[in-house]
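I'd like to ask you about the structure that follows.
Every chain is named by a letter (A, B, C, D, E and F) in the order it is written, and numbering of its residues begins at 1.
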């Protein structure tokens, strides 16, 4: 960014990094909760069944793909928006 | 408030303003999410249908009225509470 | 903790206390919301019915027991984990 | 901060500001939860009309009253419980 | 901060940093809400397959487009409403 | 901060405090999520009785064990995936 000193740029980078870390942890937690709620339903045993383990794997795999695809749409949308007037903020 | 210097009052006002901004953005996000989940169900097209658009309008309108009404009840409740001993805090 | 001055230790304690307060308020709010949504369904009157009041009491009681039990499992898990390599962080 | 240190009879300005801010946060948070709960209880999510009808309005008023009562009730129950079990027992995060 | 105080033509560095941070938070928050909403709308939660199939992919694209439209629409409606009612009326926390 | 700059062998006090605080937050957050998930899975919400019965207690224990396993499993899967795709690919907020 223009007009920031080296120290300010470092400060900004650290804040964004901290923000990304938090964001990643939040997505991780949401994924665990969602895949747990969707896949685990058998409480006759303490260990995950084969079916549950497989479901969790597919759940994670599908959410990675989904997240990737929606990120692309989101970026296209933002690129389009920044060419126009900012949307109602 | 009593006993605050001008600078402190300004600081307080800025904090409350920042808080209100955050609060407004949070309500806005919740409203978008709720009206989207309630009204949009047809993914055979990219554009909102007339039915969906109408539903979103009515959803927003109803939530404004609802929020207004509950704010009145909430304020009455708080006024009543501050006349008594504080409720179990 | 090792190597902290008295002032730093006090600072840490204050932060943890603030964190615990926030945590307690969050659990309290969740409990109110959950027991309200689970127990209150009759809007023909302004006052809680006997059935609703009883349900709220049992809801709170059960969640205290549940929270206690899961805390024990959680602590056992953490104790076990800290004996091993840290789990994928 | 208190120069002669006479037992700190007054909160400092910073403490007053923090208290006002905390109060504000508690109130808005409760207001948001009230709105969410009573919208779910009283307003169907098909949005066939944009105005609150009479039935919905009355339901919202009663819902608010009951929400405040449950708030109070849960608060009392937790206080009783914590007196019986003592600190560290029961509800909360067993650190 | 501006030494000669000529009407503050430029934001300070601290303000620029705060603005970038706030923008970043708004964007990630919206991204998370989009993902949550469209996963619910388009992907069944039984996870019988790990890949996105064609139908799900198309649904996600359309869902994203509609989510952005609803965002814009709600934003416009709130602006209209606030102009009609004036500040203090309607939506929001009535202090 | 380290005066002679010998490769910073020790974290500073501020870093230690931040680390303890972050650890505490992670743990309480996980505890809250565990409680929410297992309450939903094991305890019916009609509250006909206030005590945990035997079936519910056993269910909670097993639910906790499975929750920790899913946590670990998802963590492993994300690590594998990020090694395959490299940084920037896949999961997460694409800037």
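FYI, contacts are C-beta pairs under 8 Å (C-beta built on N, C-alpha and C of every residue); 3 or more make two chains touch, one makes a residue touch a chain.
This is a predicted model, so every value here is computed, not measured.
Novice: Which chain maximises the distance between its CA centroid and that of chain B?
Specialist: Max centre-to-centre separation from chain B belongs to F.
Novice: Please identify the chain with the largest separation between its CA centroid and the CA centroid of chain E.
Specialist: C
Novice: Distance-wise, how many Å sit between the C-alpha centres of chain C and chain E, to the nearest whole number?
Specialist: 30
Novice: Taking the mean of the CA coordinates per chain, how far is chain A from chain B in Å?
Specialist: 26
Novice: For chain D and chain E, what's the span in angstrom between their mean Cα positions?
Specialist: Chain D and chain E have C-alpha centres separated by 27 Å.
Novice: Check each residue of chain E and list the ones that touch at least two other chains.
Specialist: Those would be 27-28, 30-32, 36, 61, 65, 71, 75, 93.
Novice: Would you give the residues of chain B that are in contact with at least 2 other chains, written as numbers and ranges?
Specialist: Residues 23, 27, 35, 39, 57, 61, 63, 67, 71, 74 of chain B each touch two or more of the other chains.
Novice: Once bound in the complex, which stretches of chain C touch chain D?
Specialist: For chain C paired with chain D, touching residues are 20, 23-25, 27-29, 31-33, 35-37, 39-41, 43-48, 52-53, 56-57, 60-61, 63-64, 67-68, 71-72, 74-75.
Novice: Quick check on the complex: what are the chain B residues that touch chain D?
Specialist: 1, 3-5, 8, 11-12, 15-16, 19, 23, 26-27, 30, 34-35, 38-39, 55, 57-59, 61-63, 65-67, 69-71, 73-74, 77-78, 87-89
Novice: State the interface residues of chain D toward chain B in the complex, per the touch definition above.
Specialist: It comes out as residues 10, 13, 16-17, 20-21, 24-25, 27-28, 30-32, 34-36, 38-39, 42-43, 45-52, 56-57, 60-61, 64-65, 68, 71-72, 75-76, 79.
Novice: Sort out for me which residues of chain F touch chain A in the complex.
Specialist: 26, 29-30, 33, 36-37, 40-42, 58-59, 61-63, 65-67, 69-71, 73-75, 77-78, 81, 89-95
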